[in-house]
Amino acid sequence: MLDTEKPHARTIIDLDGVTKSFGSVQALKGITATIREGEFFSLLGPSGCGKTTLLRMIAGFEDPTTGTITIDDKPMAGIAANHRPTNMVFQSYAIFPHLSVADNVGYGLKKRRLPKADYKREVEQALAMVDLGGYGPRAAHTLSGGQRQRVALARALIMKPKVVLLDEPLSALDKKLRDQMQLELRQLQRSVGITFILVTHDQEEALIMSDRIAVMFDGQIEQLATPEELYRRPVNQRVASFIGVMNFLGAQATGSTDTHVSLDVQALGKIDIPHSGLPKGMKPEDIHRVGVRPEMMTILIDGAPSAERIVEGEVTETSYYGDMTYYSVRLNGLETPVTISMRNTAGRAVLRPGETARVGFATDSIIVFR
Amino acid sequence: MSNRRNKLNWLNVYAVVYMVFLYAPVVLLPIFAFNSSTIIAFPLSGFTTEWFGVLWTTEALHNAVRNSMLVSVSTAIISTVLGLFAARAVARYTFPFQRGIMGLVMLPLVLPEIIIAVSLLIVLIQLGLSLSLWTVVLGHVLICTPFSIAVLSSAFRGLDPSMEEASFDLGETHWGTFRRVTFPLVMPGVISSLLITFTISLDEFIIAFFLTGTDVTLPVYIWSQLRFPAKLPSIMALGTILLALTVVLLILAEFFRRRSATRRGLDASTTEGLI
Amino acid sequence: MVVTFSFWTQNYLDLDTSFTLANYREAWTDPLYRELMLRSLRISLIVTIVTVLLAFPIAYHVSFHVHQRKALWLFLITVPFWTSYLLRVFLWKVILGYNGVLNSALLGLGLIDEPLSFILYNANAVVITLAHAWAPFAILPIFVALERIDRSLLEAAKDLGDGPVRSFFRVTLPLAMPGVVAATIIVLIPTVGDYITPRLVGGTEGLMISNMIQVQFGKANNAPLGAALAVSSMFIVGGISLLIFFATRKIGRGGAD
């Protein structure tokens, strides 16, 4: 559904069978993907998954071992970073400490030999775009972390690149500032309409900011989808547990009708899943596990409100987060507890460890895995 | 608590005594330079600037100073340029036998100077080269380059590699990046390398003693004069001038090091880069 | 530069083999040379031990008790080192001499009745002078090693019940060992080959191997023998340094595990 948000967007970057080896280590094992013009695209994965290497190859700092990278319909083989229509915001920001803020922002423009007035105007505009109007004469080393990030962004945007590459740009900021910058970055990207490619290991950041996310593990893209689809329909357990929290339960198919597959799930009992709930190519006998998100289960207090299905268990741990409470509940017939999150709405009591919990869930929130 | 304070005091006392030990000879130098007696001993007999005046009229000394300047300036420039390449190469690239090669380059740092002097002398004789100030420069470059590499390596190590990448990414060429980003950022290191190698070369005796031909450098001149007690006071005066010069150079070197630290947004009082 | 470097080593060996090994035989068997070699080693070992022992408290002081002015302290420690080596050694001669500063001061204070004569023109004078000359080379590596010690380790040791002395010997000292070893090697190697100090303040019983090397190259005009002496001493010192290095590494490992 979100996939079709920009139906006519053309391809700006085409990655075709890109691999990268460092000595005997294969950092990227064949990446094929297309990135659309004007989208906010994220490369998400744990450290060492190859996401930064891929970004650096798009920027032109590394060459692919095999495969081709095409940017704006031009193959990039043999084209160095200084001739590519991409600009990068570095993880360390790489603000030139010996230059002023204005000279940093105008660094790349200098080569174009603009008239002085035009140069000044462009730098001012770029600074204004990132809310740093009037900061031009300041010495770069006097800036705070968030300001450095903005300067780095202005320095890239002033080049009017086809693609802006962001290498973990928010990882050096504290949480409050990071939350704010996530929204600002997103808004800025929308308003300039330039393709942004973000590398991050923070799944929340990727979900909040991106149009589409490529989840990478061990040098491969495991899943490329919109944030919602990634969360709702992770293709495998690895993706499922990397994006958010997922409770896994053993399961087995016991029968299949025209419309449904019947599963026997640990602790939850018999559950019918429509065929459409199975990922493409998966047969009922492939199913060995199902997953339920913590918020898809409800602890029913005082009998109300009711749920489609109810099972019982014992609360083993309660973690109070203010707006939310996370429970560990050992469901009857299950060794390891499952995690259930509840919104702390007005008047709702918090259960203590040792109390018995009635857990409700809907069968359509169940995700099947191999 | 009182125990701790006590220990701290002992350490303070020791530190002061040690500094006295370190500075004892240095302090004596100007004292005897201004002492009117020709005998270098206490008690002092009176104040004079006569010995400094003597320096002005000693032709041999002037030659030695000229020679030393030629040697030290050449050494400083050559070893800093070599050090710049080596430090940049080590900081950015990995190449085969890197450790081995760097070990070999840094070896003169820990080799007794007499061995370097002797070995160079043999090579030069073997090659049939005659000894001159340039052979001294060669020897000095050999011992100064490791210092230069050490100073510049720390400058390069403090340089975030993404600085150069950022410049390149913004459309600059390799040369333009070096000119606009790399060089300005390691400039303080370059200056302190120049100053340090200059100072080492200016003070070096053994290699100059072995490798020089008829032209003598300042330390060799001083050595030859130490034999004549009558010349000693003016040597003290000369030493005082050298001391003042060196201290000024060192303060300059320190100033540039600190400025580079400040530029990088570091606390200027950190010891990073000093060692 | 590397090329030149390898070149002369190589070249040198070529030269030597063509002259037969007689020089080495002489260098190793003649009692005079052997005596000088052993004396050089003995003196430099004493110098090294004295220098490192004297340097450690200073490095410790600057690293642990100086907070605001570390750079200034290091600067002050290195300044004397940058003044002319020749003149510094000469000034020690002035200080330690029969009518020197030290003797006249002690006489003046009435602490001694006649000038001390055991402090100049012998091995003691060489030790004192070299300990002074190489002080920064010992202080700096130890200081760096001490600076690298994570201060929370010491707090952890304290927290686990160690007093200051115990935590010093159980935490600080073992962790500072690499610096101490570096200091030892850095001081040991060049002092064996020092020429000026023994020549100026060593008298006849303080002379060392490098003075003989110089004599062979100069007055005696026997360069190959001088070279043989130089190479021999280089190998001996190199061997000892490696020995120190590996021995301490082994001990360090054993202690750490």
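Some observations on this one:
Letters A, B and C mark the chains as written, and numbering starts fresh at 1 in each.
Please note the rule applied: a contact is a pair of C-beta atoms (placed from the backbone, for glycine too) under 8 Å apart; a residue touches a chain by one contact, two chains touch by 3 or more.
The chain lineup, named per UniProt: A = ABC transporter ATP-binding protein; B, C = ABC transporter permease.
Just so we're clear, the structure is a prediction, and the values are computed from it rather than from any experiment.
Considering the contact criterion stated above, no chain is in touch with chain A and with chain B (ABC transporter permease) alike.
Taking the mean of each chain's C-alpha atoms, the chain whose centre lies closest to the overall C-alpha mean is B.
Set against the C-alpha centre of chain B (ABC transporter permease), every other chain centre is closer than that of A. Note on chain placement: the centre of chain A and the centre of chain B (ABC transporter permease) lie 54 Å apart, centres being C-alpha means. Separating the centre of chain A from that of chain C (ABC transporter permease), both taken as means of CA atoms, is a distance of 59 Å. Remark: chain B (ABC transporter permease) and chain C (ABC transporter permease) have CA centroids separated by 19 Å (rounded to whole angstrom).
By the touch criterion stated above, chain B (ABC transporter permease) contacts chain A in their complex at residues 160, 162-163, 165-173, 176, 180-181, 184-185, 262-265. Note for the complex: chain C (ABC transporter permease) touches chain B (ABC transporter permease) at residues 1-2, 4-9, 11-12, 15, 54, 57-58, 60-62, 65, 68-71, 74-80, 82-88, 90-92, 94-95, 97, 99-101, 104-105, 132, 135, 140, 143-144, 147, 164, 185-186, 189-190, 192-196, 200, 210, 213-214, 217, 223, 226-227, 230-231, 233-234, 237.
Across the interface of their complex, chain C (ABC transporter permease) is touched by residues 3-4, 7-8, 11-12, 14-15, 18-19, 21-26, 28-29, 32, 40-43, 82, 101, 104-105, 107-108, 110-115, 118-123, 125-126, 138, 141-142, 145, 199, 203, 205-206, 210, 219, 222-223, 226, 235-236, 239, 242-243, 246-247, 250, 254, 258, 269-271, 274-275 of chain B (ABC transporter permease).
Put simply, chain A touches chain B (ABC transporter permease) in their complex at residues 59-61, 80-83, 86-88, 90-92, 94, 96-98, 107-108, 111, 141, 155-156, 159.
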